[in-house]
Structure formats: C-alpha cells, structure tokens
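Here chain A shows up in two complexes: once beside chain B, once beside chain C.
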Partner chain A sequence: MTTTIVLQQAINGVVLGSLYVLVALGLTLIYGVLVQINFAHADFVTLGAFAAYFFMHLVGAGYIISIGVAFLVGAVLGWLINAAIFTPLRRKGNELLPLIATIGVSVMMQNLMLAWFGPIPYAFETPYSSQVIRFAGIYVSWQNVIIIAVSSVTIALLYAFMKFTFLGKALRAVSQDRETAGLMGINPNQLIMLTFVIASALAGMAGAMLAPVLVLTPFAGTSVIVKAFAIVIIGGFGNVEGTILAGLIVGLIESYTTQYLDPGLIDIVVFALLLVMLAIKPTGLISERREENV
Partner chain B sequence: MSDPAISHDLAVPRTALRARRMGFLLAALAIIALPLIFNDTYWRTNLTICAINVLLALGLDFILGYTGQLNLGHSAFYGLGAYVSTLLIVKLGVPFWVAFVAGVAFSGLAGMFLSLFAVRLRGHYLAIASLGFAVIIYQILLNWISLTQGPLGIYGISPPPALIIAGIQLADFRNLTAFFYLVSGFTFLVYLLLNQLVRSPVGETLTAIREDEVSAASLGINGAAWKVFAFGIGAAVGGAAGCFYGSFVGTLVPDAFFVTEAFNILAMVIVGGMGTLIGPVFGAILLTLLPEVLRGIGDLRLVVYGAALTFVVLFMPGGLAQAARIVQEKLRFGGPGS
Partner chain C sequence: MITAVRALFVSVAAIGLLAVGQSAHAQDKTIKIGALFPMSGPGSYFGAQDKQGVELALEQLNKTGVNGYKFAVQYEDSSCGPLPATQAAKRLIEQFKPDVIIGEECSDATLAVMPIVEQAKVPLLNAGSSSIKVTEPGNPWTFRIMPNEVMQGVNLADNAYKRMNARTAVLLFENTNAGIGNAQVFKENFIKHGGQVLAEIGFGRDVNDFTSIATRVAGLGKIDVIPTYTLEGQGLKITQALAQAGVTKGGGGNAIQIGTIWLPFGFEQKAGKAALGYIRIVQFDPTETRDVVKNFSAAFKAKYNADPTHLNAHAYDQIMLIADVVKRGGKDPQSIRDGLAATKSYSGVTGSVEFDKTNQNTKMDTVHYMETKPDMSWTSLKWN
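Our next item is the complex of A and B:
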C-alpha cells in the first residue's frame, strides 16, 4: 500500500516536474545568452494556457493542436519582449533595468488578462484527464502520458538542437563568450532573438499542459514561475542538465509534500532548499565554469 | 550606473546647503498643512498610507539605490515588522512602542541575515533569493494559523496609546490627523537621518561599493560588511512601516504582504529615481495616489501602473529625479531661443 502511494506520487512528481523543467529551461536559456531574467515569463505561461483554452472552446480544436497553438503564442510573445524591452535596454548596459522593466510588463499583462478574462478560475478540462490506465495499483491518466511524452520529446529535441546543429552550437558559443562569438561571424542579436522565441514558446506550451492542474486565473503563472526561479538557481543558472535535474526534484518535492505534509508547505520547502543551496553551493547542482568579470 | 547627482554632492556650495534647508522647511510645512487642507476621512487615510509607502520606498531605495543590491522581497520586511509588533501587542500585551522597537529590530536582523547569504552572490541571485525569502515569509504568515490566524487575519488592532506628557494629552492616535502626523513625522526623521548618512563618508563608501566593488576592496573597504549593514538599515525601515500599517489599518492579513507588494514598492523607487532619496518620496506619493485617482477605470489602473514602470525604465531610467534635473538644467541655462 505504502509503496503504491510512493510510486503514485513519484509519477505525479515527475509529470509536474517535467512541466516545471519546460518553464525553467526557458529562463535558463535566456540567462545563458544574455545574463538576464525575463520576469514576464510567468505570464507567457498563463497566456499559453488561456490561448489553448480558447482555441479548444472557440475553435473546437483538439487538445494536442491547442498545445501547438500555445507554443506559437509563446514564440510571438518572446519575439515581442525581446524587441520591445531587451534590445533597447541592452545598449544602456545596466543589469537591473531589464528585470525591472519586465516586472512592469508582467503587472501590465496580468491586469490586462484580469480585465479580459475576469478573476474567476477557468475549468480547463481535456478529454484525456478522465481516461486512466491502471497498472499494478497505480493510476496514470492519458493526460499525464501526453505531458511526459510531449515534454521529453521537446527536451530531447532542444538538447539535440543545442548539441548538434550549427545554430545550437552558435547559441552556446554566444552564451560562453558573446564578443568572441561575434568575432567569429556569429550575429549575437539574431541568436538572442532566437533564444527568446524558443524559451517563450516552451513557456507557452508548458502553460497549455499545466492549465488542467493549475487554478487557471490571470495570476496562475506566478506560482509556477516562482518555483521555476528556484529550479534555475538550484540547478545552476544557465545550465541545461542542472535545470532538468532540479525541475524533477522540485516536482517530486511538491508531490511528496502534498502527500505527507501539507500542500501549504510546498513553497516553504522548495525555497528552504533554495536558501540551503545558496548557502552551500550557490553555483547549483551542476556548476558550469563561467568567466568572472572582475 | 553613473549618477551625476552624487558627484555633485561631494563639494556642497553654501547656496545649495541653504536651498536644502529651505527644502526641509517646506517639506515640514507641507506635512503640517496637508491634513488641514484635505479634511475628509478618505483623503486623510490616503495621506497616511502615502507616508507609510514613502517609508517603504526610502528603505528599499537605501538597499537598492545606494548599494545596488536588488531586493525583490521588501514585502517580507514590511510583513515581519507588522506581524511581529502586532503579535507582541495582541498575544503578550507588550506596550506599543516596545513592540515597535522589537518589530523594527526583527526586520532589520532578518534583512541582515538575508544579506549575509547574498553578499557572496551577485545581482540576479540576490534578486531570486530575496524573492524566495518573501515567498517563504508570506507562506509562513498564511500557514502558521495558530499564531497568525492565517488568511482570516488579525482584527481589532488598536492604535498606539495617546501621547501624554505630565498629565496633558498631546495627541490621541485614534484621530486620523494625529496618526498622519505621527507617521509622516517619523518618515521625515528617517529621511533626515538617511540624508545625513548618504552624505557622510559612509554614503561615499556605499557609493564606491555600488559602482565598483573590486576597486573599493582595493582601497580596503569591506564591501560585504557594508552591504549587510545597508540591507539591515533598509529592512528595519521597512519593518517600521509595517508596525505603523498594522496599528493604522487595524487588520492584518497575509495578502497585504504578498510579493506583488514588493513590486509595488520597487515601482515607487524606480519611478521616483533610485539612488536619490527625494525621488522615491515623490515616486511613492505618485504611485499611491495614482490608483486612487484612476479608480474610475477599474482593473485597468494596474495596467497603467505596470506601463508606467516599464516606460520609465525604457525612456527615463533615472525616474522623476532625472526628469526634475533635466528641467532644472533647462531653466538654468535657458532653453533654445531664450
């Protein structure tokens, strides 16, 4: 009995964790190339969720296609925020200004969504939530199967893209040393734009898959992003492998805290872990050698 | 970020000193006059909230603008000050001013504790760590129901006891005007002290650390210790705002200290102009009153709020203080054609 609970919660944790990974990977990719944080990333998750919701309900499309729509909406938002905020502010050369500007964008987006969608939570139901596979006393819904399949394929594709394609290599070159990469004929501006598009598309897609789990309100993304920040730090800022590992750990923490302690304690446990990590090993689980501009 | 205002202050001409004294005098007169001009409950309440927000903005500005530590969790120190002082009063019957000192000290120590973590980290790590700290504090306030009554909140918090000297009652803080004078007087005092501090060698040390910590270290300045000190001061000021808030509003709920509150305070500092003390004062007043004025447009007022923050960063990163300086220069040297 107890082992089934442990296993069941392990599956729930991995499902949740893989979604957190998608959100956190976006943050980490942007941090990798730009050493910047996009605070509005949270609202890309929310808007992705709403895009999928309305695409399903107004157009009557299937859930899987709606995930694709959320992906596209995220991509567009990523392009916009880079063009409107990060590109103009890069010239000013202050590391705090873009973060503060995106906090402003975030407040703006949340309240625009509040004005349009209202404060009442939307019930996001997919046809796959109720179809359950039973296996050795453990229940897995098709929804969870889809989430795990889509996120692992996405993460694998992203990984392959970064490792094997020319663009991916150029992207890593830019994140290691922007100036030298520029000297090698790589246009960093285009790559930064590409990074924002990919990162935000991941956030939008994650939103469409998180929506059935979350309470879908205009502020839904905030609870996710706060954990994504923790994941990014626990995993090591700018580090893809570390982020994946940390995301799964946080997902598991969340499901086991819900089972054995109290759902209200999730954030406390996650952030206590974050503070402990910062105290012991601020470079994250898997640290990357980074040049310090001393 | 280079701020011309700071280098100007190093050698103060006598006229500037006189102008500053005039400024303080005018500010004191304005504080005295305001509740007499706005004599209804609604505006007097807003004025006091303004004064509390100015206090919050000053505390954050000291951390952010003067030592460059990106604190995204100022709501935590605000909340700690409010809850610690109120719980001491309500649960243990501690006198208000003792609880006030305890709340301020607790917030200050919490700030120093967080900063101790953060001195080894740079910019964004501190931002996330402080945000995480604010989330933890909020969740504790929400979930430690036996102590804080969680989302139900604490009700019926009484205002500070009347000020009685030699048997004569000087001020009764159940009166809105008296409470406004109390908070704004305290805020004014904090402003004067911070103003002295940033113009003293301590302020120059902090500026040196903010601009280039490595060079400052080569001059024998212990950057970490000064950052912890500054964070402690700023957090303690935030705690004081919390102590006033609880006794002013009479109710405490954790939602008042959610991280969005930290962003509001941040917006006040940025819109006003971080790294100056006068800027955040006006930033706080503007952004406290703006939503009241914009109440007619409902939810959209926060859209305006967010837009203001974004556009200020994009086009006038020095905030109101920078705008005022530009206007001043124009006046001094004359615009084109004058």
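Our next item is the complex of A and C:
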C-alpha cells in the first residue's frame, strides 16, 4: 500500500510539475532574452484556457485541436501586445516602462475577461477527464496522460529549436549580448518579438492544458503564476533546463507534502526551498552565468 | 379687484410651489442600501448571483415604494477578502452614506467589516457568512439571517450519523475562518455521536490540483462521509478528484460527500457524474409550496429566464427584510437596526427570520437538504 501511494504521488507530482513547467517556460524565455519579468503571463495562460474552452464548446472541436487553437491565440496575442505596447515603450530606453506596462496589461486583460466571460467558474471537461486507467492500485486519467505527453513533446521541441536551429541560436546570441548580436547581422527586435510570440504561445497552450485541472475563471492564471515565478528562480533566471528540473521538483514536493505533511504547508515548503536556493545558489539549480541561459 | 386677483394668483402659485416641494421631498425619501459583494476573485459567483436577487427585489419594491420610501443600492466589490472588504466598506460609508449594508458572503471579509460598521453605527445584514464569530459574542450592528456554522454543523453531523448511518469521516476544508470553523463543529458533534474522523485536511485557496489530496484520502481506508467546505471552483475539482480516485459514489466508491451552505445550484451539472450522491445544505428550496417561494421563483424566471439559486434567494430576502423594517417605521440606520432586532417570524423565501440577542436568526426552517441524483438533477430530502 505504501509503495502504491508513493508511486501514485510521484505520478501526480510529475503531472503537476509538467503543467508548471509549461507556464514557467514562457516566463523564463522572456527573462532570458529581455531580462524582463512579464506580469501579464498569467493572463495569457487564462486566455488560452478560455480559447480552448470556447473552441471546444462553440465550434464543437476536439480537445487536442483546441490545445492547438490556444497555442495560436497565445501567439497572435503575444505578437499584438508586444508590437502595440512593449516595443514602443522599449524604444524609449527606460527598462522600467515595459515592466510596469506588463502589470497594466495584466489588469486590463483580467477585467476584459471578467466582462466577457463573467465571474462564475467554468467547468472545463474534456472527453479524457473522466476516463481513468487503473493498474495495480495506481490510477491516472487520460487527461493527465495527455498533459505529460504534450508537455514532453513541447519541451523537447523547444529544446531542439533553441539548440539546433539558426533562429534558436540567434535567440541565445541576443540573450548573451544584444548589441554584439546586432553587429553580427541579427535583428534583435525581430528576435525579441519571436521570444514574445513563443512565450505567449506556450502560455496559451499551458492554459488549455491547465483548464481541465484548475478552476477556470478570469483569474485562473494568477493562481499558478506565483509558483511559476518561484520555479523560474529556483531553476535559474532564464535557464530552460533549470526551469524544467525545478518545475518537476516543485510538482513532486507538492504531492509528497500533501501526502505526508499537510496541503496547507505546500507554499511554506516550496518558498522555503526558494529562499534556500537564493541563499546557497542564487544562480539557480543549473545556471552558472546568465550568459549561458536560454 | 386687481389686487384681489393678484392675491389669489399668488396664493395659488404658493400652494402649487408647496405641493411641488412636498412631492420633490417625497421622491427624495430613499433608503440607501450599501451592498458588499465579491464581484471579483474566486468568490465572485456569489456577487453575480446576489446582484440578480437584489435587482429583482428593487424592481418589485420601487414600483410603489414602502411607506413613501424608494430603495437605492450601491454595489462595492469586497472580493471575499478582509482587506478589499474593509476598503469597500469605508468607501461605502464615507461616500454613499448608507442607511443599511448587506453582505459580505465570506466570513473573513464579514468579520473584517464588522468593526467598521459598528463604529459608523450602520446596521450590517449578512446572509452568507457562516463563522460563529460573526454573531458570537454579539455585535449590536451585525445581523445574520442564515444559520451559523454551529447550527448547520450540528444538524449535518446529526443527520450524517443518524440518517446516513455514517461512522467514519474525512474532513476537507479551506483554511479560512469559515472552513476551519465548519469542519471543527462537524468533527466535535460527529465524535460525540460515536463517529470517527480519519483525517482533517485543510488547504489554501490557491490549490488547484486535488489529485494528491484525493490520493491521500483513498489511502485512509473505509470512509462513509466526506464533509467538504470550500468555494464552488475548488469544490468542483475536489469532487472530480475524489471520483477519479475511486473514493466517492461518483467514481464507484462508497463515500458520500456532504456539506453545508457553500455551493450554488448548478454545481452538480458542472461536476458531472462525480457529484452523484452529494448531499448538502442549501438555504432555499424552490420546491416549497409557500406562496412567497412560488411568487419569487416565477418572478425570477420571468426576469432572468432561469431558475433561482439559493444565492439569488438570499439576496432577495435581505432586501425584502429591510423593506419590511421600513414598513414598520425604519427610516435611518438606528431605526433600521432597531427594526431588524424586533423582527418576529418574518417569512422570507429562504425561510423564517427571528433574531436572538446576538442578532443570529434562530429559525431552522432555513436549512434544506438536497441530494444529487444519477441524472445530475437533485432532490429535496425534507430532513428538517
């Protein structure tokens, strides 16, 4: 029985960690390239969740297609907001302006969603939510299998993109030294836009994956974003590998804290880890130098 | 002759002006009601449904007025939290200067607001906060028309043990005054009957995934009932996680989720078959045959093209009770406070109202039980 519970909580932790990783990856990408915290990231997650919900329920599409739609909605919105708000502010040369603007965008998006979708929680059920695989005392829903599969594929693709493609290498170059990258013929502004589009698309997709798990309201994303920030810090600001590792560790910590201590202690344990990391290894789990991030 | 005509004309004009003045004064006679509702955040479904009930009551009352008074409501978003609620209450009192305030829904928010209304000497009529601290040891300016956590919890524990033959329980609750308080009352009374509480699991409002909690519950052995105290959003996820873990009836297990008045109508349709067998207290039974209930349900359906929920009914009762006090002579904060305290067997849509010396409604006919059926509809259990 004990082994079963340990295994079951490990599965629960990996599922939760995968979701956190998807949310945190966008944050870490933007920080890695722009050295900017995007406070509106949570709202891209929420909007992705609603996009998937309405695409499923109004158009009658399948859940997997709805994940793709949320990805596209996130990408388009990321492009729009970066082009209309963040890029003009960045040109003014004051780093604080885009940072403050992300707070403004966040509040604006939350209230727009509140006006459009209302305050009452939505029940986002997929055909896979109630289908459960049971084996030797262990259970996992098909929804969670999809979460692990899609997260793994997305993380692998992102990793391959960053390491092996020209654009990925250019992004890393911009993150290391924007001015020198510009002298090498790379257009930093285009790559900043690409970063925003990828990060927002990932947030949208994370929303579609999270929606059946979390309570879907216009404020849904904010409930996971604090944990995602913690993961980015624990993993190493802007470090993709560190973020993945930290996300999974936080997911497992939550599961085992719930089982053996108390769910009310989850935040204490996670944020104690964050403080320990800041004290012992402020660069994060993997990162040594910021230049090596992304 | 000309002087006489002029005098007559002046007299008529004076009388006319006087009449216009009196008429204008009569139109100015307004009872100002401040509404502290959660309009944002996880408890915002309370505010949205409360507002519907208030608007229906205002529409009915303001057709004719009561004792020459019309009713005006100013809404403020109190967000189910102590800090936003205190800010909203101060805004209301300083700017709107209400004669009476209704709300909040969440106990933590109501408890934070109570000292402010007491200092301002404005009565607060609460319907949705269950913490015993709202009325114990008593605050002369705060009244509650719903049964408190002790009244509900004792009744729920009695029914779980005697009617449901439950002998083991696991308590799931949010870590708030109301969540902890409700769970403790159930625990004490269930144990007093001879029942056994296998675990008490509290969690924050930021918890989204309840799979780990359900796994822990599944490992606790045979469970008869799972009293659950949380807002709708988390409630949905808990119910679904417990079913997935095979703990509750909806997932093929034996345990039955039970609860007091936290969840709105429509919860079971959202939760799906995971909610099968869920038994909970609501404070409004639309199947009641009293005229006041039938009329309310019909008017609500006509206005919103939907069936009313207990939250709609709560808010409607709050306004109608204030109107009843105005009918009995209430016209300002002090007289409305006194009128509320003097209320005897007022018959509202949720049940009767009569306050004790702590300003707690003593009537238990406001407690109704409902059970979720296999087709996700519900039935009234008529346990009280």
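One rule holds for everything that comes next: the second predicted complex is superposed on the first by the 288 of 294 C-alpha atoms of A that agree within 3 Å, B and C clash if a C-alpha of one lies under 4 Å from a C-alpha of the other, contacts with A are read in each partner's own complex, and residues count from 1 in each chain.
Assume contacts are C-beta pairs under 8 Å (C-beta built on N, C-alpha and C of every residue); 3 or more make two chains touch, one makes a residue touch a chain.
Values in this document were obtained by computation on a predicted structure and should not be read as measured data.
With the two structures aligned on chain A, chain B clashes with chain C.
Contacts of A:Asp267 after superposition on the shared chain: both chain B and chain C are touched.
Looking at the shared chain after the overlay, A:Leu16 reaches chain C, while chain B stays out of its contact range. In the superposed pair of complexes, A:Arg91 makes contact with neither chain B nor chain C. When both complexes are overlaid on chain A, the residue A:Ser129 reaches chain C alone and has no touch with chain B.
With both structures placed on the common chain, the touch criterion links A:Ala230 to chain B but leaves chain C unconnected.
Of the two partner chains, chain C is the only one that A:Thr258 touches; chain B does not reach it.
Applying the stated contact rule after C-alpha superposition, one finds that A:Tyr139 touches chain C and leaves chain B untouched. Contacts of A:Val213 after superposition on the shared chain: chain C is touched, whereas chain B is not. After overlaying the two complexes on the shared chain, residue contacts for A:Leu114 are found with chain B and with chain C alike. The contact surfaces that chain B and chain C form on chain A in the two complexes overlap at residues 114, 226, 262, 264, 267. Listed in rising order, the residues of chain B touching chain A in the complex are 1, 68, 70, 117-118, 120-121, 123-125, 127-129, 131-133, 135-136, 139-140, 142-143, 214, 259-260, 263, 266-267, 270, 298-300, 302-303, 305-314, 317. Those residues of chain A that touch chain C in the complex are listed here as 1, 5, 8-9, 12-13, 15-16, 19, 114, 118-121, 123, 125, 129-130, 132, 134, 139, 141, 144, 210, 213-217, 219, 223-224, 226, 254-255, 258-259, 262-264, 266-267.
Those residues of chain C that touch chain A in the shared complex are 39-42, 44-45, 47-49, 175, 201-204, 206-209, 211-213, 215-216, 219, 232-234, 236-237, 240, 243-246, 251, 270-274.
Within the complex formed with chain B, the residues of chain A that make contact are 31, 35, 37, 85, 88-89, 92, 94-101, 103-112, 114-115, 222, 226, 229-230, 232-233, 237, 262, 264-265, 267-268, 271-272, 274-275, 278-279, 282, 294.
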